[in-house]
Amino acid sequence: MAAPHETGKGLSQGARNALPLMLFMIIGFAAPLLTVIAYSFMPPRSFGLTRAPTLDNYADIFASNSYISFGWSMLFAALTVALLALICYPIAYGMARLFGRWSPILTLLFTIPLFVSENVRLYGWILFLIKNGVLLGTLKSWFGIEPESILFTPGVVLLGMVYVYLPFMLFPMTLGVSMVPNETREAARDLGASRWQVFREVELPLSMPGIMIGLLLTFVLAVGAIAEAKVLGGQTIIPITHDIEIAFTYAQNWPLGAALAVLLMIVVGTLVMLVLKRFDLDAILGKR
Amino acid sequence: MLKTPLSRRNFMQRSTAFAAAVAAGAKFTTTPAHAAREKELNILCWEGYNSAQVLDPFRQDKGATVKAESLTNDPTMVNRLRAGETKIWDLINVNNPWARKIMAPEGLIKPLDRATFEPYFDKMMPAFKAPYKWAMDEKGEQLIGMAQRFGPYCFVVNTDKVSRKTAEDQGWNLWNDPANDKKYGVLESDDWNVFNICCIAGFDPFKVHNDDEVAKFTETAKRVFKGAKVVGDIATMNQSLVSGEIDFHLTGGTYSASPARADGAANIRGITPNSGPMEGGKGGIVWIEITSPVNNPELSPLATEFLKYVQDPKVAHTVAFAEGTFNPVAQMGNKECFDLFTKEELDAIQWDSLEEEVARSVEYDIVPDYDKLLDIMTAAKKEASAG
Amino acid sequence: MPEGPNLLKVPKDCMSKRPPILQLKSLTKSFGTFNAVDGIDLDIAEGEFFTIVGPSGSGKTTLIRMLAGMEQASSGDIILSGTRINDLPANKRPTCMVFQSLALFPHRTVGENIEFPLKIKGIDPAQRKVRALALLDQLRLPPNYYGKSVLRCSGGERQRVALARALAFDPKILFFDEPLSAIDYKLRKTLEKELKDIHRETGKTFVYITHSLEEAMVMSDRIGVMRAGNLVQVGTPNEIYSSPKDKFVSEFMGDVNVIPVSMNGSRTITADTFDKTFTVATIPQAFSKGHLVIRPEFVRFVTEAKEAENVLEGKLYNEYALGSRIQYQVRVGENVFIVEKLRQHSSTLRRDQTVLIGWDAKDSILVTG
């Protein structure tokens, strides 16, 4: 019988078996990322990776007013996440605990829009909100009132983001709430806890893994949002992703776009790591 | 106690695998097939050439696989070739100066056989008679592309709010009138916005600008974007004009207004100012698309076939009215082609004023300090968004 | 079988004199047309260890959930110390339940779990900790468990934590919903005894539900046997053991010999399925048809018919070693009988050997139903 560890061959059986997947991960995931990072160190407006590396792009960004775009992205992502948490928790609670056999139907209703392109849905909102559109047109013809159009304002951008990212908060949250064993709720109540105390002491901490995943997922997605600001906001605000897009398209300054993308990754990555450190999912699940 | 423990590690692993799959998928789809290229053709173009109406008859006739990708600005397309995609594409369709001034000198495109293709120019409108400047290289020796769609591109008004006469008379100064704050939109077409902000600032865009002009440009860009109610794509602009959200918008012309006009909104009209800061006091800019064979080491033989195909009067009419955008085509100089256009179609492309608009316009050209101006404009846009 | 002495020590005389702490009057819980609990009347005395035994689906869990306030009663009264508490929500009732799943808070330490009811009551952390440590000690858990995650505790330790948490609440009545059912046999036996000791130490009223009469026997002062939403028999373990009210109760006790019998005209009891007349001690009034119940330890092997009041001839089919006892399966025709002997009575019995089995009239019970 052959020895399980053929040290002469260098790779263990496990490593050999993992090799195809590792290669796939490197090519599919690491390579594009590394390309972006490498580009960020190329001289501005160059189209290859052969030039001498430079920090010019980063210097340009810090000298420019890109902080405005970063600010918008962070602010709107934070607002979106906060609003979604408030909106989704009651729905998630209902889907996990109250609605019973209606839950799958509700899930379907929240899922179906995902099959329609985000841009199409956002244009739907435009038709709804635009002057003489569904909302204002109806108000005008039925009640004779003509309020100012709210289209192309930051508020509508937020509305759009909340609308688009709702499922990404709702489903992990629903999972989180349904992971709370019902008897722990009953036990807490039996031990004298009021409904609010049950929520605070048992419900919330035990559904935290789902909530955290929802928060992180929607935050990361919302920081990367672009269509809402472009379509619904009429570019009254310019998120960082739009900045990156301009750099890669009209400006044809790939290194600048790459540097912006790298900075965004660093900022978001740091935030996510800080949150994960503060709310370690494993610890929340009691696996310390 | 917890029946389905979902650990962070687990979640991360799954997410990473998913992301990798997506990234890999994206990579594979853009990988060119290295099979025989007899029966395949890849076109990089502006919206219109990628429509099924244009491509399907050609596909059927040649039994070929034709892929077309549409983009909405010239620099991106040219840079795709610069970044090595000459191996992928067979034809590139961009605005006039890029073939002659950029792609030909950089060796990104290949010349056409003059004897075969020049006769087509003779059937076009008089202005396109061979040798047509933008279809030739700088030395005037090589034919490097074919002309088809063209159109004036300045701004668009709702004539119910601002009359055509007022708009043509006032021209670019519409944006210098503080009373128009928040009454207008800006089409998200940043290369053209650079040209047009130059015009508003009062100088010719297609030259190197001095410091005073750059300062004026900076000030103007900030003002224009601050005053804009909405910045968006063509659909958003048309919708906003029709609904009354805005009265007029910067950057636009037949290319952008024609879909709305064809839809019955005759009050949406592309305007070419009577006068402006361009050479000879001209106020407008007109673009002409040039379609050139890419310098592909394995160029598909179908590239030249396609160029001939779109010269056919019927196909030219289809190209003019391909889905998404409707435009005049040079082939309308041929009566056989012109007769295919209905009165409504001529109305949609503003045929009534086309000749005078073109006469008041200069031809789209390269802005030597475009990069600098674009950066200034991008920054101005962001500053406007900060309130 | 659990042996008697343990049960007999409980001073039953004082039990009946104490006032009932919990009274149930026609308590009913309906789900649609189905009555899960069907009009139960019961008094439970203060300080009593009362166990409700029944098979799954008998309504015992529904009953205890009503008592704890987690289910609303459909009709009837739940009276705690003279006050009707039907409409009092679970968190307002001075009672507490130990769940089958234990329902410990997995995100909390042992200490935090035990302190939970104290925290809810607003007791300051220092006092909470003192109480929690005292309870750890009372439940034979080392003090360093205070900071341990409950997920790292063993099954038995979790039982103790759950009980400590319930005791920290200082309830008037402690309810138990089969907390030991998922525990392995040996540990269960230990915990049963511990629970009984804690009952004695705390003097609280315990109401316990289980599907195991054996478990009930070990711990309880009184037992209520439940079937289909009704209490079939309520009594001390001894009463239930020695005088089961019917076949259901007697069979619930574990392996038992049950012979379908009828009374014939001459007031003698004869087997329904084979030809045999039995000698019995007493015949209940108006008895016509029912079952003769004989516990296996009362059946013995005999060599002659005169050695016992009732003797049957059969064939030894198999033998099973049950720890200190040996169980034999004897077939009399198509009828299966079980005989149990202590192990030291080792025998030379062989399979398929013809044997005589017998019992005395005083050891058999005649039940209707």
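Details
By written order: A, B and C. Residues from 1 in each chain.
Everything below uses one rule, namely that a contact is a pair of C-beta atoms (placed from the backbone, for glycine too) under 8 Å apart; a residue touches a chain by one contact, two chains touch by 3 or more.
Which protein is which chain? UniProt says A = ABC transporter permease; B = Extracellular solute-binding protein; C = ABC transporter ATP-binding protein.
Keep in mind that this is a model prediction, so the values were computed, not measured.
For the interfaces A-B and A-C, the C-beta contact count is higher for A-B.
Once CA atoms are averaged chain by chain and compared with the all-protein CA average, the nearest chain turns out to be A.
With centres set at the average Cα position, the gap from chain B to chain C is 86 Å. Each chain gets a centre from the mean of its Cα atoms; for chain A (ABC transporter permease) and chain B, those two points are 33 Å apart. For the pair chain A (ABC transporter permease) and chain C, the distance between mean C-alpha positions equals 55 Å.
The set of chain B residues touching two or more other chains comprises 1-2.
Looking at chain A (ABC transporter permease), one finds that residues 181, 285-287 touch two or more other chains. Along chain C, residues 101, 104, 106, 150-151 each make contact with two or more other chains. Chain A (ABC transporter permease) makes touch with chain B in their complex at residues 24-25, 27-29, 32, 45, 47-48, 64-66, 68-69, 71-72, 123, 126-127, 130-133, 149, 151-152, 175, 179, 181, 209-210, 213, 230-231, 234-238, 243, 246, 248-254, 276, 280-282, 285-287.
Residues 68-70, 89-91, 93, 95-97, 99, 101, 103-107, 116-117, 119-121, 149-151, 165-166, 169 of chain C are the ones that touch chain A (ABC transporter permease) when the two sit in their complex. Those residues of chain B that touch chain A (ABC transporter permease) in the shared complex are 1-2, 4-9, 11, 16-17, 19-21, 23-24, 27, 73, 75-76, 79, 82-83, 185, 188, 190-191, 228-233, 235-236, 239-240, 243-245, 371, 374-375, 378-379, 381-383, 385-386. Looking at the complex, you find that chain A (ABC transporter permease) touches chain C at residues 181, 183-184, 186-194, 197, 201-202, 205-206, 208, 284-288.
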